[in-house]
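In what follows, subunit A forms one complex with subunit B and a second complex with subunit C.
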Partner chain A sequence: MSIDVKPETPVTAARIPVGRTRGIGVIMLVIGLFTALVFGVGSGFSAHSSLTFNPVSLTNAPWRVGTLTLLTAWSNVVLGLAIVALGVDVLARLPRRGVMARFGVVAVLFFFALLLWAARTTGPSQINFVNLTAVLIGSSALAMVLVFGSLSGVMCERAGVVNIAIEGQFIGGAFVGSMVASTAHNFFLAAIVGALVGGALGLVLAFLSLRYLSDQIIVGVVLVTMLGSLSSYLNLQVFTPFPQYNTGNLAPNLPIPLLSKIPVIGPVFFDQTGFFYLMIVLVALVSFGLFKTRWGLRVRAVGEHPQAAASVGIKVIGVRYANVIMGGAIAGVGGVAFMASQGQFQPGYTSGLGYIALAALIFGRWRPSGAVVASVLFGLSVYLADNLQTYQVPVPTEILGMFPYVITIAVVSGLIGRVRPPAADGLPYKRD
Partner chain B sequence: MPEPTPRRSFWARVTGQSPFVVTLFALVLGLIVGAIVIVTTTAPVLDAWRGFFSSWSGPGHALKVTVDNVGAAYRIMFTGSVFSPATLWHAITTGQGWTNALTPISETLTYATPLTIASIGVGIAFQTGIFNIGANGQAMMGGIAGAYVGTLIHLPMVLHLPLTLLAGIAGGVLAGSVPGLLKAYTGAHEVIVTLMFNYVVSAVLLYTLLSTALQAPGQQNDIARTLDPSAQLAPLFGTASGLRVNYGLVIAALVVLFAWWFLERSSLGFDFRVTGANPQAARASGINAKAVIILVFAISGGLAGLAGVTELAGFYKTLDGGFLVGNAGIGFTAITVSLLGRNKPIGIVWASLLFAALGVGGRAMQAATGIPLDLATVIQSAVVLFVATPVLVKEIFRLRTSPTAALQLATKGWGS
Partner chain C sequence: MRLELRGITKRFGTFTANHRIDLTVEPGQIHCLLGENGAGKSTLMNVIFGLLQPDEGEVLIDGVTTRFSNSGEAVRRGIGMVHQHFMLVPVFSVAENVVLGFEPTKSFDRLDHQRAREEIRSVSQAFNLEVDPDAIVEELPVGLQQRVEILKALSHDAELLILDEPTAVLTPQEIDALMAIMRSLAASGKSILFITHKLKEVKAIADVITVIRQGEVVGTAQASDSEAELASMMVGRDVNLTVTKASVTPGDEVLAITDLVVRDDRGLAAVNGVSLTVRAGEIVALAGVQGNGQTELVEAIAGMRHVESGTITVKGVDITNHTPRQVLDAGVGHVPEDRQLHGLVLSMSVADNLVLNTPRRAPFARHGSRNLAAVNENAEALVTRFDIRTTSTQALVSSLSGGNQQKVIVARELSRPLSLFVASQPTRGLDVGSIEYVHRQIVSQRDDGLGVLIVSSELDEVLALGDRIAVMHAGQISGVVDPSTSRETIGLLMTGAHVESADA
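Let's turn to the complex of A and B:
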């Protein structure tokens, strides 16, 4: 995380210190051995795990897929050994790039082994199968919200403004989204209003931090506090006496013809709400815009070296205003999307998702594509933390609940590699 | 060219450079924001405005209803947190009912006690250039540790109370050290780490309340055993007085003294402030940056832990799942208090008295008018937003602006 370049260190040195890469390799080895021994050998060699693939609602699944039954112990030993192999590879070659990607693969393998272990037949759980499609659908809803949040972060931080208020924009978007969706029964309108509210919050952040050079992090955190208490106030003052403004409203799924009928992939990617498709379009747009267009070059210049950007005639302040407002709007839509996946607004139910999105942004190295990968991992871990209890895993609920937060801490601590933020990120800029 | 100083008006001289004036105006702006929120969400007021054009008396009626509602809310906020002139006059003239008259101020002091301690901790971190947003989790950890010692160990008060308080400090130091060590050795930005740690500690709280010996015997819910009387902070004026203000006030006073001495007189405090003001200069003059980060988190966390255990031993007496959750989360209020008090011990005392009054008054307002307590938090965050942008406040009120006052960086981006 830190870009402290000590005088004695040449700037051309490897960005990821060798010691840290080695540490990541060792962590992978430990995870691999744990998987092979505890989830594999530990579950006994007579246990079976079943995987099912049919979605819960079968209307769009004309082709049923059979159940895949695996020997729990051997499958997990194989998965564990695969993780060990990846760890050995990292330790042996000490690669400069791609360590994070490998860690992502390790995380996915580990989650898979965990699910197999939790659903073993002679285990404690009444449920003796894992519906893989349901797991993927459930975590995709969370991952989608995180992608909205981290895209918002990409937009703001690439232009050099730290947007910690993502959580606040989520709350604002979710609140007005529920109100509009309940009264107008139109999620498109809800998304537009959510974008307006998120954009307005972005404008406040931009106004205070660009015009008055206030501390961006403090303004962001105070905005989150304000939105949290304001939404709780309005919830009591408006939604409690008028519950018809906050009725349960799940966004309808918009299945794409034919594609949605593909087993597993169809329900996860092509039978989703409009917000999901919007997210995919946004990721493509932001990715293309930032790295392939003149606009993106300007934004990145402003985020890396505002003085240099200004000297070639780019309006630094203007670019920052535009990006922070657009980023706020994206996060506002994310709030509406979250509300639409939960059904209604409740105070405090975003429970730190905005901050986890920030961590996903850091894990994804300030790139939309990386943010998507990171959001999928975080979404999976949040979903599993919420839902593993149904499998009666012998770990207390409260400890499982820590899971996403601990992973976030590990990620921002750079245990998973060193990252470099845009050079002018969070620094105030003065024209003269 | 010299400034023509003699022409400065009285207004300009009063409002010249003092940060106190900006704070005062920020408070006014915050109350205006609160009033706008009340007006736009209270049904009778909105109804009155709807009748604005319906009759000749419409505008007057609308204004009257607005002023009545906002006035009632803020009046009850004041009488519920400081004193009510009527009951005070009654107590003075008849010599009776002093408990009634003094309860509001006692409640404010009770609430301000842990808030001051936690805010001092946050303020010391701010002065070092570190944003400790995890004070709430650290206070919670202090409360958990204090509850263990206060309920499961039985000792005479001389030993038990200090031991409980020390356990609270230790809990806070523990929760504060993790982000500190991570920041020092991996460069992890403290904002996200401490924030996430708040959620981790919330999970720890539930776990200890539901699955360990701390849970009250025979309980299924998240309620702990009650603190032994020997581990509680007694009411300052005796139980018979009916006033809840307790000996925690003495602890808070000692903490303020300690913080003043530490920041102004000790050499470690000097190192902290140099690091906060100019990290490059600090490194050049041989200050060990890593040690400073670890120590400031330990001290800040320890104070937050002390705040948590003071809150527990002086106020709640029994730990439960709602400890420091939501509106009771003093660790979050402490951030705003510290910013309002400009991270200086004396400023923090005034700021925490003000915010405690807003909180206590907000509760009275909720009880009397039904306007939710969260309004107090909205006002608090608005005040801090304005305090963080002094130039904006000065522009709104046409105060003299000093060009140097604009750039104040308390924290740094991910890159540092």
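Let's turn to the complex of A and C:
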């Protein structure tokens, strides 16, 4: 005999309120119209913008391609209308999923229009071209660091521990990374030591929050503050008197034969440092591990419902320790990678990248793949904020620098799509 | 499996939760463990399941002394537990939940979803427990979620199944389904230990009944024993299970709800055109399966939820979309459904909780500063009058038992002049003694001329208390009937059927 239980209330999947989706559609429309009118019509119909594709550093130059000159106004009107079209599509169909992805596309189109506008011929600056490859290479270095950071966050938060200390792990990794790279001249060794330091900081976070059930956010913030001050002090005591321990640490590029010769794509993806390739391997590994393996199922169970995991014999505390330490190690390597993209350690030069990585983690919905997309977007916006001065744009660049945070607030508040952290994220677990 | 407990004693500090408990569950037997909340049932289960270690005594499985240092060992040894709060990961699929901890894998530690699905199908078929292995658990109704829990235990080859208060969250239909599952499992040779405080269920299903009280076995009973006998054994004194009420002629309307529409958190119309009146000196009991808009209706009355359209008046005064304070000032007393979330501030004392609704009013406050003497005096008086069992009025309200917490709320709400008293699930999770007490209070208030609106998903309670019974289904009132109406008719109304001539 089979017993049939009928659902008493209709099963409705969690949904984004229609009003919010509508709101984001309207925001897209506004951005699109702004792009078309200000960046397009506003730049005058005689203005030209040129795009170049050959990287500035020609050590491993790809096959050269020519310059593309566009009519600024019309290009941006087209870009603006494309954004408007995306907005209209969202408004007309009110899709349940993919709203954030669409918003990501809108952001990229907007940045592109902004660049064309900034570099127009009769613009405020003498520079009348955009080196697209240089922009992408520059942002990729930032995006890489953000990916390391948000992957670290994925590892920790999927197991239910919030790692606010990513910024501190960056700093720690960068400091020891510079020291090891300067003395041993070996970036592999530097990465390992960076991972050890990051992992040790992870252990401190895990110990305080798992053993003593301290507030994870507070422990994290304390770690960041401590690392910031400690590294400044040590910098003064060690690196200032002995600059030889903190110099010449630009990681060499390891071009992949042939692939690196492809214009634009080659220099951006296949003529990178070892850290970049390591990042890609890590993304694939974490993604595979979390969603395809037994290990990942257990980690996610611990992050969602630790009591349920414990009831089938999974050691919740053990899983959390392991993940927080591994996450810390990944962030530590990220710190070394950042140092190796700058050539040396400087106090405070991570300037909040660890927090932007956390934002990328949230924007990417606690998924490695999502974190990559968010990191690219945020990396681009941070890069542009830092570099648009050269175009003498009449907009404070700090406004662009706000982008990752504004987006994160919009995402967390549910304005764009709906994010749901692991259910037990940040909650202490106590065996009863 | 034959499970035997011999002289199990478990102490927490000076408190003895279990004292020399002997219990034997035979294969193929449904053994009911009956006891009030706080009698030590959960402690005993945790001892069996390896979550706690007994201080004395031993657990024997098939005659062999066994000791589990964690629940994983108990599961491997064939003990399955269906927890009151499901141990399921809501965002996982059924298959992922069932195999968690015992996952079939392929190379590189990859999960073998195919084998997991097959495993579930074979267990499902063997025990007639159909569930889609790929369904996401949180999208399943509660009854099916519980089935997943049972499936999980069975797939780990459980020979003994412990069900901890399994019916607390189920609809009447789901309870029937669960009973059928339990019977068929027992018939296939599984041992079942069924923990509950609900007498009806015990009588319906038990082969053997063990009653525990204050951590000790007070005796065994038969399913044929009367509910009154079982109740007095469980509570330790005679309990009056029926509510005695004198007939009262209702007075003027105190609550009038007209065409009310209220949306739930998802933006759906949870209350969809409800009209209802409550008169002075009558109890209107709102029946219905949970999730049919009762919660939202009460929240709207209490000023905790926005009213989309329609009106609510109390004694002719419109209180639609007023703030909770304005509603309180209009003379409405409210016992909320979730007493720990909306009824109490757990980290405050009993005395403070007793004045939560009138903190700024004389005599409890004067010129913006609190008058603690008056607060304490009020607390002493109410603790005595409402028989609240607490070590002191200054004790944290969180240290009280569920029944006494509820008494604090009832005492607070009834300690000022009211026109209307609204109580949502007033006895949920309470022991028999407290239920009796709360019911008596409600009836005596009604006798004093108060209009009372009770919301309950317990049909027994609705029938015992209501002078009129309104049944709610899918956001609408499907009928208002007399308490003499048969259970079957009310059950039909609960499914939305409009019964002819049901209106009283």
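Criterion: the second predicted complex is superposed on the first by the 395 of 432 C-alpha atoms of A that agree within 3 Å, B and C clash if a C-alpha of one lies under 4 Å from a C-alpha of the other, contacts with A are read in each partner's own complex, and residues count from 1 in each chain.
Keep in mind that, in the parts below, contacts are C-beta pairs under 8 Å (C-beta built on N, C-alpha and C of every residue); 3 or more make two chains touch, one makes a residue touch a chain.
Since we're looking at a predicted model, the values are computed, not measured.
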Contacts of A:Ala423 with subunit B and subunit C, given as first, second, both or neither: both
Partner chain(s) touched by A:Gln216 [first = subunit B, second = subunit C, both, neither]: first
First, second, both or neither for A:Ile362, with subunit B first and subunit C second: first
Which superposed partner A:Gly313 touches (first subunit B, second subunit C, both, neither): second
Contacts of A:Thr408 with subunit B and subunit C, given as first, second, both or neither: first
If touched residues of subunit A are counted for subunit B and for subunit C, the larger one: B
First (subunit B), second (subunit C), both or neither touched by A:Trp295: second
Residues of subunit A at both interfaces, subunit B in one complex, subunit C in the other: 1-4, 423
Subunit C residues touching subunit A - in the complex, by the definition given at the top: 51, 70-73, 75-76, 81, 83, 85-92, 96-97, 100-103, 105, 108-111, 128-130, 139-141, 143-144, 147, 156, 171, 173-174, 177, 180-181, 184, 266-268, 289, 291-292
Touching residues (chain side subunit A, partner subunit C) in the complex: 1-9, 11-13, 15, 17-18, 292-295, 297-298, 300-301, 304-305, 307-314, 423, 432
Contact set on subunit B toward subunit A in their complex: 37, 41-43, 131, 133, 182, 186-189, 191-193, 195-197, 199-200, 203-204, 206-207, 210-211, 326-327, 332, 335-336, 339, 371-372, 374-375, 377-378, 380-382, 384-385, 388-389, 391-392, 406-416
Parts of subunit A lying in touch with subunit B, wherever the complex brings them together: 1-4, 157, 162, 164, 208, 212-219, 221-223, 225-226, 228-230, 232-234, 236-238, 241, 348, 351-352, 355-356, 358-359, 362, 396, 398-399, 401-402, 405-406, 408-409, 412-415, 421-423, 425-428, 430
